[in-house]
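Common to both upcoming complexes is chain A, partnered first by chain B, then by chain C.
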Partner chain A sequence: MARPERHALWLVVPVALAMLPHALYVPAWVSLAAALALVWRLSPAWLKEGGAQRAARLLLAPAAVLAVLLQFRTLAGPEAGIALLVLAVALKLLESDGRRDHAIAVLAGYFLAVATLIHHQEIAAAAWLLVTTAVLTAALAAGQAAQPPAPAAALRLGAVLVAQALPLAVLLFLLFPRLAAPLGGLVHSETGRSGLSDSMAPGSVSRLILSDAVAMRVDFADPAVDARGLYWRGPVLAEFDGLTWRRGEPRPAPPPATPVGGRLDYTVTLEASGQPWLPVAGLAEDMALPSARLSGDMEWRTRLPDHGRLRYTVTAWRDYRLEPQLSPYRRAQVLALPAGRHPQAHALARQWAEQSASPRAIVERALAHFRQEPFHYTLNPPVLGDDTVDDFLFRSRRGFCEHYAGAFTVLMRAAGVPARVITGYQGGERNPIGGYWIVRDRDAHAWAEVWLEGAGWRRVDPTAAVAPERVELGLDAALPAAERPLLDLPPAWQLRLRQGWDWLDNGWNQWVLGYDQQRQRRLLGALSPRLASLDGMLWATLAGTALILAGLALSILHVRRDRPAGATERLYARFLARLARVGLVKGAAEGPVAFAARAARDRPDLAGPVRAITALYVALRYGDATRPEHLRQALAGFRPGRPPRRAKRGKVIVD
Partner chain B sequence: MARRRFAAPWRQPAVETGPVVLGHRRLYILPTRLGLLYGILVMGLLLASANYGIALGYLFSFLMLGIGVAGLLHTQRNLLGLVLQPLAVAPVFAGDSACLHLAVEPGRRPRAGLQLDHAEAASRPIDLAANTPGRLELALAQPARGLHRPGRLTLSSTWPLGLFRCWTVFALDWVVLVYPRPAATALPLPPPADASRTTSWRRDGDDEFAGLREYRPGDSPRRVAWKSVARGRPPLTKQFAGVGGGHLFLCWADCPEADDEARLSRLARWSLDAERAGPCWGLELPGLALPPGRGARHLERALAALARHGQA
Partner chain C sequence: MNAVNTDIARIVERINRVILGKERQVRLCLACLLARGHLLIEDLPGVGKTTLAHALARSLGLDYQRIQFTSDLLPADILGAAIYDRESGGLRFHPGPIFAQVILADEINRASPKAQSALLEAMEEGQVSIEGETRPLPTPFFVIATQNPSEQVGVFPLPESQIDRFLMRLSLGYPGPAAERELLAGEDRRDLLADLEPALAPSAFAAMQAQARTVTVSDALLDYLQAIIEASRRNASFAGGLSPRGGLALKHAAQAWAYLGGRRFVLPEDVQAILPGVVAHRLHPAPAVGAADDSWAARILLQVPVP
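Moving on, here comes the complex of A and B:
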């Protein structure tokens, strides 16, 4: 049966809206097939019911399942499932045209819309989802009316329903008890971020630096902390093959470390990345993240390699003394250099070693070398020759932090000072609205650690010797003016806007997306200690739901009494009420004159005033009389009593 | 559509004369199958959100729950305050469908997707704009002659979301008069009355003035008592008594059929034929006799008598 075209639009457009974001993630052929099916459904050709069409539909369904199976090698899992669902909904639209099919297609649309949360949960995604939900609700309502309603009216209804649903949704969102950990693990989250890598070659960090993406946000317990002075330690790279620095062989237990200096407590919200590193500043005493592990080189990492957004609270000391004793085996490891490489660097280092009294002096000598010789800090170093270290140290002398950290460590090792390369983040930007610090990929950094007798591992940042601005003010201050556009930094007015947006985004991440069991207990506990228990939450959920439902029911179902508009109607209503009290009720279909005649017949004693008042009312209501005063006066003296004795009682007409 | 619902005697509501105003206490509401499916979908989304730890998934599952609840209240609101008024039902012949008309006053809000259901049939849904009364039409097949009450009816709506069905039950003071089905085969009309027939009243004829009766449309203008009209009285028709005036009497006994219902069908057929043929005609049933006459009202009276024959 062909139904009006508007029905088809109400079906296809909302479902297409729900499918749209999935086009970014499902294979291109799935999007194409779904789009073709929707266009076919809308075209007049669809209305011509024919054997060819039916056969095509019969063939298409198994073909779609087979194609998905071939593409994904499975039908389970979110990716294959969503691709299959997109195809199934598109084919379902071709299938039939009943009211029930319409509703089921819309339900599938709801599911598809919510399924986009697997990929995106930002504010914009939530806003899109809210709009799509309203449109789908409008579509569901459009299918239930006898005639498809006007789009504006239907959309208004959809918006009203969503608005009325929101209080309950927010209440349940806040109070519904959360699980300690997701049952089935996190969904794999797509991210363009590479994050800190566990190897370092010339150019690897500077690639990261061109990214404006947020790496993490840090909220310090002490708001006075200046994060620009902090080094966020990531992977420790101790093995060098002449070109690339890599992590050394893993050690079983963390080395002894003793805290020095004051406390430093903070909460890090680390954005999703494909790397397990958890950057930490200072010596972490406690890390509130169940999946966190500490390695033998004091690196923090999570067991989940493809993590989503992570939040961890760290109790730390600002400074520390790490590994005061170095075993000969370990010492050999952190002194190893590839044999026969970097002859010039070896020669220079040997010279420093001979002229210096202590390892400490050698370190000073090297830093002085970087300061005094014409070294330049640049994002665009020239291409280095075969021996990257010698070429950098003695020919190009232009490089980025990884060049300085790497070359410095080679020099130290050649001079007999145990040393290694550390990568991580350094610097950050304070968001003045939220009072937290933003560390971006751009703040990625590499520095060195040298082991000194009695002091353990000490941090040395050779980049600071060349470009102190890098450490003190951040990357953009350290770069030559010509290279700054590479960073694509926003102008000042945009910066303010961007900070505001970041504040919103962070709040969203923390309070909506990061609303887990811990956060729920903390928030509810702050409201009332009783709420923090499961019982308390359930009772609060019940009470709150009842309250909201009562409010909704009252506002939706309350029918205002039909109050007569003008004074005339009010007066006449009063007249009717007085007559009703003595048993004379005007029927719904009875006109005023007919009622007056009946009343006069039933109660002859009232006939005079009833006729008079009705005549006044009729003149006011239908005639040209304009002043209700006469009616008011006539009514003032009208107090019908019970019928006189022996008189027949007025017949009661109940409508 | 025509699903027979369980109709036990205790489910028969009291017959009302209408207008029926739909208040809270008259309305029932339950989820539809689609509503159950929706509930399963919401539960599934909630489980998936818990499974994958998607915070926004919780929010949107609860939002959908809220939409369902708001939809429930809107479904009830859609019927609340409606005023129903039964309209007269035109008589039909057995085998045809009687059309019940129910006038619906929407009040100040628009209403959508209203449908009238009966155990045997359902009306087409209608939408009503605010302050614009409309009517629902329900065609009920009438297989048997007689005076029938349609019994229990429901007015329902699943608008807006189709997740809940809200309905009200009522039995309005509706009577459907069903004439016997006219016999399919035409037989010649019985011969006009002759002297041998004995009847209990004086037959109309042209011979002798017998009295005056109320004017009926179709009466010959020559028989109208114009003198009384000139005096401003309602028109009267002069009646004459005579023998063998050529009037037709459709008699129970004249029917060739043996079966009662078949006889009634035959008489219905003859009544229609006689009315078309022109002369005045009368009807004679066991226990009832209709004096000769003609015109639409006469025919209706005769058919009604046939319809109610043998019934209380």
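Moving on, here comes the complex of A and C:
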């Protein structure tokens, strides 16, 4: 026999809520099928279904499995697994009626809700999960009642239960030994962002510039550091084919480097980028990240390019001398240019080489050239001809950092000065609330390094010669006014809001998502060295759990003490609850008989049972009666319904 | 119980013949007397205080004396005095009007505190000591005192310690329009009083009083009483809370009210019914609250949740 319609609502709505986030990435047909199943479950047709429909339902289950198999070619893995789970729960609802089914369906809903974490771990996802859990818990309670309670009451119960569970959740989060990889390595990180790439052609950096996404956040040990003066070194591009700059052939060992001065200690939180590059400012003396490796060109990269959010602490020197000696082979590599290309650039470079006394003077000459000739810094450079370097240098003269860095390096090499292109980030924005720096994709930058005898590799930023504002004040200041709207700068209050949110988000990333084995050990170790051990954590978890449960039990007992304890009081409380459901609420200071009189006045149809039950109750509670059986019996048949329609009464009078 | 109910109905009916439209006040007066409490009726002159007291005494079949309090009233005028008796050659005690079952102390706040306290001592002890000899008062013994509102001139307000000895303080208020009309059209109240016949045998009322004391007060109701007493002591609006005597007064009055309703146990509603009369003269507003009307204290205490 089908249970009341409200039970069906308590089944379908919470489960739908748990399914909703999955609709973001499961194939559309899965969402559609699940939605159809839920609607079918709610429709009156479901209640009077015949055998044919039951058979159809039996066929749907294998069909769903088959469809998932066809779509994903597998049933394993998070993607296929979630699709299968969504379909299975939706189908399960179709055959869910009694209490037991209800409980099973809601438990499946919990599982669906937790599965959200595989794809989303942001604050919003956590908040959503909390709400969904409360609603599911309310549904679990509502499904067990013969008559579902009012939604508000059930939701309040769900919220209270979840709130009671929260201390335990926090305790387990803090103390339970962390696994090396959360959720057994199932967790996916968004990898839609494109970070620094290992090649550079005109236009590749400026595409990044239009993205406002956070590339990394940097927390400096010394809060006075102005990150806008720092260059975050990424891939080193030494090979040029006339159009595209690429990383050179890998070298076995990092070159010798000596610190000169200026300590620079910071912690970088790098967002997932799908790229192995770990941007670093200065000469890193120590890099606290086990998977980090240093390449032969002094690039830091991680062995695991498909990383999620990464945190690494760097101990660095701001000034340093890199590779003071250059072997002839290396020298040839960083002087190589494609044969027969860029004749005009070659000619100009040769002229500079002849007129200058030293490589240093050639560099100065080149920078002066960029400064003096009518070069423009723009995000919208005109389309370049076949020879991009010559076309840029001698015709368009409008370009972006990659044009300047590329062309400058070509000129240097043509003049016999070893040079290469570096890409990375430059600039950033300080979050005044958190005191850390945010480096976004739009701070992506390209510059050059030239090798000078005795000095090693020196950074030269030709963009700074054209548009010093870009380096000093950031991208927005450097662009012509007409191009700024491209970047869509928000008004000040929005900026504050964004900074506040970023601060929250960063804290969440650092302390909740970033709470890994290492952090846990460090945090607990700071409290007590014993806690840092596995045994210590387990014992602390057990002890803390016991404490929290004892506290909850005490508080519940305390609350209970104020509540009616005996059978009579409980029965009367039930009576009051039933009357409250039809809008008759007893005032706290109202006596039972006075309330009965009022209820009888408001609902004459209930007057008889209300008076009778009240009389039984007062005799038990205030009189000498001792056996609550009669009250129990009287109450068992008491189910106040909605008041009779007013219209009927009106009709009688009119007639 | 039924016999009691008819008795009570008869009493109420008789009194109502004289005091028009004040059935609730009449029942409260009866409850007060049933609870062996003294009654204070405070109201403007001329609304029927004295008539009510007369009617109560007569209909209950008790013997009664009236003392008109004036500023020159002396204690001996109330208690009586030993006077030299020529025939026996010794002092012979002449009992004062206090030796009656019902004393109507009219306009009690017109007398000097000295005279007032003579009466009030008798009220509390149920006996009087005159010239070294203790004389018991008759039983039942109660005082129905009337007083004018203290704002009027020429009054000595009763001290708080003494006013606490009255179980209830009631006021009658003006009659309703219908009662007023009947009053204007009908006979003289005094004549009606004279015709009023006792509704009870002389000993019956004492028996009823004893029965009222046996009405069940459950633990749940004691919880409620305690909550009210506690609230009166804790609420910052009151200058002082209910005394233990005040608490007992609540209980006894509620028992009597339940008894009047024909019930063998006390309900929270009984407490609520008698509460205004019992607490109005015992609780005073804290200085910060300022002046308050008669029902102010009851309004606060009626907010106490029923356990």
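Just so it is clear, the second predicted complex is superposed on the first by the 531 of 655 C-alpha atoms of A that agree within 3 Å, B and C clash if a C-alpha of one lies under 4 Å from a C-alpha of the other, contacts with A are read in each partner's own complex, and residues count from 1 in each chain.
The rule we apply is simple: contacts are C-beta pairs under 8 Å (C-beta built on N, C-alpha and C of every residue); 3 or more make two chains touch, one makes a residue touch a chain.
Treat the numbers as computed from the prediction; the structure is a model and nothing was measured.
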Which of chain B and chain C A:Gly514 touches, first, second, both or neither: first
Which of chain B and chain C A:Ala588 touches, first, second, both or neither: both
Chain B versus chain C as contact partner of A:Ala607, first or second or both or neither: neither
First, second, both or neither for A:Gly143, with chain B first and chain C second: first
First (chain B), second (chain C), both or neither touched by A:Ala63: neither
Partner with the higher number of touched chain A residues, chain C or chain B: B
Touching partner for A:Ala619 - first (chain B), second (chain C), both, neither: second
First (chain B), second (chain C), both or neither touched by A:Leu367: neither
Chain B versus chain C as contact partner of A:Leu166, first or second or both or neither: first
Intersection of chain A interface sets (partners chain B, chain C): 588-589
In the complex, chain C residues that touch chain A: 216, 218, 220-221, 264-269, 272, 302-306
Touch list for chain A against partner chain B, complex: 99-100, 103-104, 107, 110-111, 114, 117-118, 121, 125-126, 129-130, 133, 137, 140-141, 143-147, 149, 157, 161-162, 164-170, 172-173, 176, 178-179, 181-187, 512-516, 549, 552-553, 556-557, 559, 562, 588-589, 655
Chain B to chain A touching residues, read off their complex: 19, 24, 34, 37-38, 41, 44-45, 50-67, 69-71, 73-74, 76-77, 80-81, 83, 85, 107-108, 112-114, 124-127, 158-162
Chain A to chain C touching residues, read off their complex: 588-594, 618-619, 621-624
